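Got some structures for you, see below.
Below are two complexes that have subunit A in common, paired first with subunit B and then with subunit C.
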Partner chain A sequence: MILSRLTARPIPLITGLLIALALPWAIYPPVALDIACWALFAAAVDLLLGHTGLLPFGHAAFWGGSAYVTGLIALHAGLPFPVAVLGGAATAALLAVPIGYLSARLRGIYFAMVTLAFAQVVYFAVNQWRGLTGGENGLQGIPRHFFGLDLSDPFFFYYAGLPLVLAGLFAAWRITRSPFGRVLTAVRDNPARAQALGYPVARYKLLAFVLSAGLSGLAGGLFAIGHGFASLDDVYWTTSGQVVMMVVLGGIGTLWGGTLGAALIVELNDYLATAGFQEIGLVTGTIFVIIVLVFRRGLWGTVHDLLPTPAPHRTPRRPASEGA
Partner chain B sequence: MLQQAFNGLVGGAFYALLALGLSVIFGMLRVVNFAHGSFYMLGAFGAYVLLDSLGLNFWVALVTVPLLLGAAGMLVERVFVRRLTRLDPLYGFLFTFGLALILQDAVKHRYGVQSQPYPRPSALSGSLDLGLFDYPAYQVFVLAVSLLTCAATWLILTRTRVGTIVRAATERPELTRALGIDVGRWVAPVFGFGVALAGLAGVLAAPMRAVNPLMGADLIITVFAVVVIGGLGSIFGSVTAGFAIGLITALGDLYVPALSQTLVFVVMAAVLLWRPAGLFGREEAAL
Partner chain C sequence: MGAPATPPPVLTARSLVKDFRGFRAVDGVDLDVADGAVHALVGPNGAGKTTLFHLLTGFHRPTAGRIHVGGRDLTGKSPEQVARHGVARSFQTTSLFPQMTPREHLELALQAGTTLGWRFWRSDRALRRFTGRALDLLDQVGLAAHADEPAGALAYGRKRALELALALALDPRVLLLDEPTAGMGTEDLTRTIELIQRIRAGRTVVMVEHNMSVVAALADRVTVLQAGQVLVEGPYAEVRRDPRVISAYLGDAHAAH
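Showing the complex of A and B:
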């Protein structure tokens, strides 16, 4: 069943896989890994923003929280890096339970503000707990154990980490296509009706939140291993904002659009940093403002509209009130 | 202890001014202005620039900077935000987030991240005898200005014709329009007014807090928590919650210093459990 669906549209799938495999040949390998991590992070956020109709503005808590936990596991337990990353992802999902429980009672803009506020608590906690997290210095020298294999070359590490990212992306894709994902769409489009049909809306939102946090944690943990350190930036609200920016840039509700957005923003950041330009927010902020003002369907959505044959089972995009 | 409580009220004065601006804007436009912290920062920088390059003192800044920022806010509303108000409110939030990044990094680009000095106005450099303890006159002044501004805003909203229109448009925009009132005319002034309040808070902050591009970035998130506690869109709730959170934070600083920054968010979580729409909010927030 799953396989038949996958093979129903083989060309985009194979193209995507080939691009993912060829990426470290085309660009600087550490940047390729950054793109992969942010792509998964963006897909995780789109699960909420595009498919559940919730704008999470505090996902840095899960990405960064997992980065620290992953780093601590790798540093102190000496376990293979995928185990450390999974440990980080599990912690992120666990952390999402209380945060999600409190935030999922709200909707729209309130949800965004409250998740942002809770993420700030995580930021303060990481900042205060210096003995464990290193405070402003961050967690440094995170090793990449993998059964004695030498993964210090970022080129090889990209291929070691890619399966985790692909598994995460596959999970996100499966969730949106599952009966569970269909209910989430109903919750997005008409929460009152979904509730009336007997679906416990709050519980569905909570589960979506936890799954999204877990996938964000997967991405953040791998990111920390890839860089060899976890820093306060990972848990700061600019990170939460950046991932939302990637999703909006790629196209809300398109799932793969976030990958595109991630690639563009990471490349842009890398380019500006190499050029010695410090105030990246000037550029990314401008792009973001333009996208929100005139280009709301995002890159993927716009391209998709230009293609002659629309996909058979594409769900309507989220801003139902647009132009109303 | 009592002195610390007073410190808390002074801190609360800033929260209240910022939360009030956010709430007024949200009530009319349904937009949560993420750039509010950046306008606060611009207020402080405005005062600094007036003094540094034009030699204009604090009192001039206190009047002109909020007016200028208010005008800039009206322009931003007319040119940009207006295009988004009919869409999902999330787009307004995202737009102002982008705007906040631009404003913050533009100032950073020009002035760097180090803090700029700003002297206290000489008339307020001493301290006042408050009976139980001596207190810096400037802090008393900040508290007074904030209280007066909040009271004035309250009076404008409840006692004038403009205020009545704004309140009506906040509660029932369609109905107000149907009564022949041009609601659209008042949107930009309300946005500008909210921005001007942020600017005023910024000017007041310049002599007592570090003037740097990042000064609004963390503050805005605390203010978000404040308006969530008070009830977004509720003027009374925002101001009350602002002062209350200032007090709680200051007293928390005294007893549990490690937790003082997170205390406001703990209060927010508790309020959410009990009343998802905030203490004085309407139920629209909750599911």
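Showing the complex of A and C:
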């Protein structure tokens, strides 16, 4: 059933997989892994931003929190890296329970600000707890254990990490097309109506928040293993901002759009940094403004509109059109 | 239930009060709605009808007073808890999910009574178990031919019909309809009256309604509200002759004819 659904549109699926597999041949492998991690992070944030109607501005807490926990597990327990990453993701989801409980009943800018505030608390906790986190030095020398396999070459590690990213993206896709996802659409478009039907809206938002945090943690943990360190940058608010920017660039509510946004921003950052350019934010900011003004529905939404629509008898399910 | 001569009230409100920053919108309202009755709430604009509705459905929390449905205290419960206790409502202005089709609306409403909505790992094809019942309900309200159009694109009368179908899908014991005929032309009006007559079987209906011909056609009892208080309560035939009502509300309508 799952397979028939996925293969209903084989061409985009196969194209996507081929690009994912070919990526470290085309570009610098560590950058390829960064793109994969940020793509998953963006999809996780889009679960809230595009599919639940919540703008999270503190997801660095889950990405970075998982990066540290993953690093600590890998450093001290000597477990295979996927176990460490899953441990980080589970911790991020757990951390999201109290934060989500206290913020999910808020709306719009209040939700964004409260999640930002909690993320800053996490940032200060990580910064202060030097004995565990290394403070400003971060967590260095995170190993990549995997049953004795040598994964030190970033080219090979990309392929070791890719299944985790693909599993995470699949999970995000499944969530948006589940009975739960249907309720989220209702909560996003008309929360009062959803309540009148008997849906406990705040609890649905909380579960969406926890799932989103778990997937963000999966991405952040893999990112930390890939780099071999976790740093304060991972829990800093700019990380929360950057992922939202990727989702908006790619197209809110498109799920895959964030992948394009991630590829664009990560590549651009890398290119500018390599070129020795100092004011990276100036360039990415300008591009952000231009894309938002010219392509209202983001990169993915625009491309999607240009492509011929597939078989018309299939129920169109476009979670977010213009107004989202 | 052992049935006494007059059916016991299924919905009662006692001394309900709602204050908004010093303005008392509902001021000590007592309400008894008999099981199986159609009970209309009427009154001039600003009489507190909609506020009372919001209180009865949990969208507002009363400043004072108590609400019971079927012997259960629902005072201060959340809208979803009230809905789960068998009280469904429609909204005054159509309140739908514009991107969903009518079929999807009803699948969603039918799913609300199950735990399926939590299953984020399942395919949304699992919702197909509700499709048959959804199409039945759409057929009841005359929307079968429009089951797969986006709700946002439906004509006004059809949106109102979908509103009714959504409330019906919850199979409520008490159905609260907030101005079910607002803004309707004669044709839609007639159809809606027929529809409410059909769906009232086995339920209790409370409706806010401005249109007196609709009240005359449907209501067993009428409560007239004025300035947040109950002015008169009784069968329509009595209420319409009451001099206080004529001066407060019906008088205006009569003068207009």
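Following the convention adopted for this analysis, the second predicted complex is superposed on the first by the 305 of 324 C-alpha atoms of A that agree within 3 Å, B and C clash if a C-alpha of one lies under 4 Å from a C-alpha of the other, contacts with A are read in each partner's own complex, and residues count from 1 in each chain.
Simple rule for what comes next: a contact is a pair of C-beta atoms (placed from the backbone, for glycine too) under 8 Å apart; a residue touches a chain by one contact, two chains touch by 3 or more.
None of these values were measured; they are calculated from a predicted model.
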| In the superposed arrangement, which partner chain does A:R296 touch: subunit B (first), subunit C (second), both, or neither? | first
| Does subunit B (first) or subunit C (second) touch A:Y110, or do both, or does neither? | first
| task | Kindly classify A:F41 by the partners it touches after superposition: subunit B alone (first), subunit C alone (second), both, or neither? | result | neither
| request: Considering only the touch criterion stated at the top, classify A:T185 as touching first (subunit B), second (subunit C), both, or neither. | output: second
| message | Contacts for A:A196 in the overlay, against subunit B (first) and subunit C (second): which applies, first, second, both or neither? | response | second
| said: So in the superposed three-chain picture, is A:R177 touching just subunit B, just subunit C, both, or none of them (first/second/both/neither)? | reply: second
| According to the contact criterion defined above, which of subunit B and subunit C contacts more residues of subunit A? | B
| request: Look at A:W256 in the shared chain and tell me whether it touches subunit B only, subunit C only, both, or neither; answer first, second, both or neither. | output: neither
| field | Partner chain in contact with A:Y204 - subunit B first, subunit C second, else both or neither | value | second
| field | Intersection of subunit A interface sets (partners subunit B, subunit C) | value | 201, 318-319, 321
| message | Using the touch definition from the top, list the residues of subunit B that touch subunit A in their complex. | response | 30, 32, 80, 83-84, 86-91, 93-95, 97-102, 104-106, 108-109, 217-218, 221-222, 224-225, 227-228, 232, 258, 261-262, 265-266, 268-269, 272-273, 276, 285-287
| field | Residue ranges of subunit A in contact with subunit C within the complex | value | 1-2, 5, 174-175, 177-183, 185-186, 189-190, 192-193, 195-201, 204, 207, 211, 315, 318-319, 321
| What residues on subunit A touch subunit B, complex-wise? | 55, 102-103, 105-110, 112-114, 116-118, 120-121, 124-125, 128, 191, 201-202, 237, 241, 244-245, 248, 278-282, 284-289, 292-293, 296, 318-324
| What does subunit C use to touch subunit A in their complex? | 57, 59, 78-80, 83-84, 88-89, 91, 95-101, 104, 107-109, 111-113, 116-127, 148, 166, 170
